[in-house]
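Order of writing sets the chain letters: A, B and C. Residues in each chain are counted from 1.
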Amino acid sequence: MQRSSEDNGIEVRGLVKQFKTGPKAVDGIDIDVAPGEIYGFLGPNGAGKSTTVNMLVTLLPPTAGRATVAGWDISTQGPDVRKTIGAALQAVALDNFLTAREHLRLIAALQGITGPRARTRADELLHRVGLEEAADRKVGGFSGGMKRRLDLALALVHEPRVLFLDEPTTGLDPQSRTSLWEEVRRLAREDGVTVFLTTQYLEEADVLADRVGIINRGVIVAEGTPAALKAEIGAPTIEIVPTGDDDRVAMSRVLEQFGELHPEAGSPGSVAVRLDQDLAKRASLVTIIRAIDEAGLQVAEVRQHDPSLDDVFLAKTGRTLEGATDAEAGVAEPVAR
Amino acid sequence: MTTAVAAPTARGVVNPHAGSASLPVQVLVLARRSIKGALSRPQGYMPAVIMPLLLLTINSSGLSDATRIPGFPADRFLDFLLVITFMQAALFATSNAGLGLARDIEEGFMDRLALTPMRTGALVTAQISGAVVIAFGAAIVYIIIGLATQVDFHSGVLGVLLLLVLATWTAFCFAAIGAWLALRSGSSEALQGIFPLLFASLFLSTLNMPRDLIEAEWFQVVTRFNPVSYMVDGMRSLIITGWDGRALLEMVAVLALVSGIGIAGCARALRRRQAQG
Amino acid sequence: MTTMPRFLLAARAVAWRHLYKWITVPANFMPTFIFPLIFFGGFAGALGRVGDVPGFDYDANYTSWIFVFSLLQTCLFGGLATGFTIAGDFQSGFARRLMLAVADRRSILLGYVMSTFARAAVMSAVVTGVAALTGLEVLGSVAELAAMYALALCLSICGTLWAAGVMFRARDPQLGPAMQIPMFIAIFLAPVYVPLDLLEGWLHAVASVNPITYVMQAARDLLAGHPHDTSIAVYAIAGLMGLLLVWALTGVRAAERAGG
């Protein structure tokens, strides 16, 4: 079988995974990731994120459907897929009795990289993930964050064209998280690496991903750029604090014409309105201020709240992401069997 | 993902009210948990049941010619070797008590217990008792197997009862040693490294040949210094000889010594562990 | 070196890690020696008189008789120890790294076979050394001894293939006994203590059809300098290796399907 295209994108069609003992973890999903794009895959515990990743990295054969990674079919061209990709899975895959450097050398050798090239590559990656000092210590004594960073380095050993990261920043301190974000961005922008990244953190998807897919119970419920998704949910909320407390009723009356009032949305003493969908396209902040001005009211403070991915998530799945758990969440951790 | 391996199912047995219970009740509750935990892992105990029976079957057939050595004390090698099952049950008690306790330490169950009014000493006692109860059950099964295969117990009914007592005591010795090692190391991995040595102690004893028929001198010396030889000879005498006062006395002396060492070791290790906090 | 095909490079890397861990982790290192030596010491030491029973017909002494058994057991069980490494990797998740990193997963199997073979060679030397200290009698020529070691090391390959086949399927060290017990039975249902002719009843019947019996007999004959029936042993071991290779390769497939 031949490679269907030369690029390093990901194409998923009707992918299904039905576990023998368990739910349909992935229930017919379609995904397209363009070469060099960072795709954020969001979902609550047990939604099917890891299952999808495991299928795409050829660790888990799909029940139905097909997918290509960099043009290679995951079901029939596994060896070629593996040569092209790097992956850092949700559970770090390390050997406690080897040092960080030994890990890098081992993985390099498994990929067919040996000798001085492997050595320089190991040094380079140790530097990049900030593990130079710990390079020759056995991994068993590493902290969770150090293990995660080493796991990421292992994913990068052979300069993969497509990178899969399953919740890469879980357990990292804020500083390591930011530097990982920068690294991922650099890989995508400078090296043109395609990144498929699952996360629990909306913020992460928001700042990092070019496009986001939201999966819930094995089904993709929303997809698009973070901005588009937010826009789809609705317009911003405008919150106005009048100068005088007595003006609040009058202020409410003015704002009513722009959308639905949200008494609980703003801080005390303010009036908040969620702009109407179609109105939001025409009415800018200026229009509103002008209307207030015409009514002879004084404004002390104006705030605009854009909808967050959290709102998107709530709207699409009926629950909030942070703290959301599926019924099966107890066994959501994929086990090696 | 490893919890499924190690977590004894009966965690829930320890209820918050147990703290107000007396020490014997605490031990009872925890011992039941230990037994349940051990029995809920057939992959853990099946080999310990199967291996001795296997060795018994194979060796009693493969070594049946050994009975033709002049002066061999039994008519059948099976009768001679039946004692291996009781010894294996005892070795198994080491792993039950030791590994059970080591896991409790590793998983923090022992520390959690220390926060309740329950005594950690109760946990140690319970793990040992649990292991001994299982060994006792196994010994009964092995005696039944012996009877079914027409082993001629020369010491009669009383001897069989004494055999049961001695087998259980032997298991206690090994369980106490296992618990001691677990308390000292606090690691199931370290403990697993000990088993080969226990296994060696069994094979480097008079298990396969009476001492006076052993040709190699170095091996004679080894068996003389190996306490397991005396356990083997004592229990075996009840099966193939009858009432051999000397063998029995030697065995009881060794058992008393080893259990004393085991208990003292446990107490010391427990105190040290508690002192560390 | 760099011209080595990727497949072999990967296998070599797997083998390197396995041997490296064997040497550097005492918990891995000690048991590999202790068990064979326990059996050797226990049997050779205790059972010397068995060599005197009527009909026991072997040119070298009883220590040599048991030595061959210990040698074969060392090699066979060395393979089983590898099964635990494989299962442990699946449990710790490291197997996923291996499965992800190599293009062709059969290279993992080859790597383990290679490292276990090397380890068995070292262990064979140790067992031989200990046996030499306790009175091993060698009557065969160098070539005959080489043939004996070759047979033993083939058994190491058999052990690895068997263990890998089980553990690529089970992926759980707790199921170790399911892997050990059949091999334990297989090697003990052979003329361990006395010649095949002296075995009686069911044991004689079973041992007569056990391929390991023929390997053991041939190895003993080689040690005693009277090789005969070596070709049967070669067929037996070749057949065994072939069957177990299929078993191991289908095991690798099973692990791939299950989602290492």
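Keep this in mind: a contact is a pair of C-beta atoms (placed from the backbone, for glycine too) under 8 Å apart; a residue touches a chain by one contact, two chains touch by 3 or more.
Nothing here was measured: the structure is a model prediction, and the numbers come from that model.
S.K.: Does A-C or B-C have more contacting C-beta pairs?
M.R.: Per the contact counts, B-C leads.
S.K.: What chain lies farthest away from chain C once each centre is taken as the mean of the Cα atoms?
M.R.: A
S.K.: Just the number, please: Cα centre separation of chain A and chain B in whole Å.
M.R.: Chain centroid spacing, chain A to chain B, equals 55 Å.
S.K.: Distance-wise, how many Å sit between the C-alpha centres of chain A and chain C, to the nearest whole number?
M.R.: Between these chains, centre-to-centre, one finds 49 Å.
S.K.: Between chain B and chain C, what distance separates the C-alpha centroids? Give it in angstrom.
M.R.: 30
S.K.: In chain A, what residues contact two or more other chains?
M.R.: 91, 336
S.K.: Which parts of chain B, given as residue numbers and ranges, touch two or more other chains?
M.R.: 1
S.K.: In chain C, which residues are in touch with two or more of the other chains?
M.R.: Within chain C, residues 91, 93, 172 contact more than one other chain.
S.K.: Looking at the complex, which residues from chain C come into contact with chain B?
M.R.: Answer in residue numbers: 26-27, 30-31, 34-35, 38-39, 41-50, 52-56, 91, 93, 134-135, 172, 174-175, 177-178, 180-181, 184-185, 188-189, 191-194, 198-203.
S.K.: For a test of understanding, state which residues of chain C touch chain A in their complex under the given definition.
M.R.: It comes out as residues 1-2, 6, 9-10, 12-14, 16-17, 20-21, 24-25, 89-104, 171-172, 256-260.
S.K.: Per the contact definition, I'd like the list of chain A residues that touch chain C in the complex.
M.R.: 54, 57-61, 78-80, 82-83, 85, 87, 89, 91-98, 102, 106-107, 109-112, 114-115, 154, 334, 336-337
S.K.: Considering only the defined contacts, which chain B positions touch chain C in the complex?
M.R.: 1-2, 5, 41, 43-44, 46-47, 50-51, 54-55, 58-59, 61-66, 68-69, 189-190, 192-193, 196-197, 199-200, 203-204, 206-209, 213-216, 218-219, 222-223
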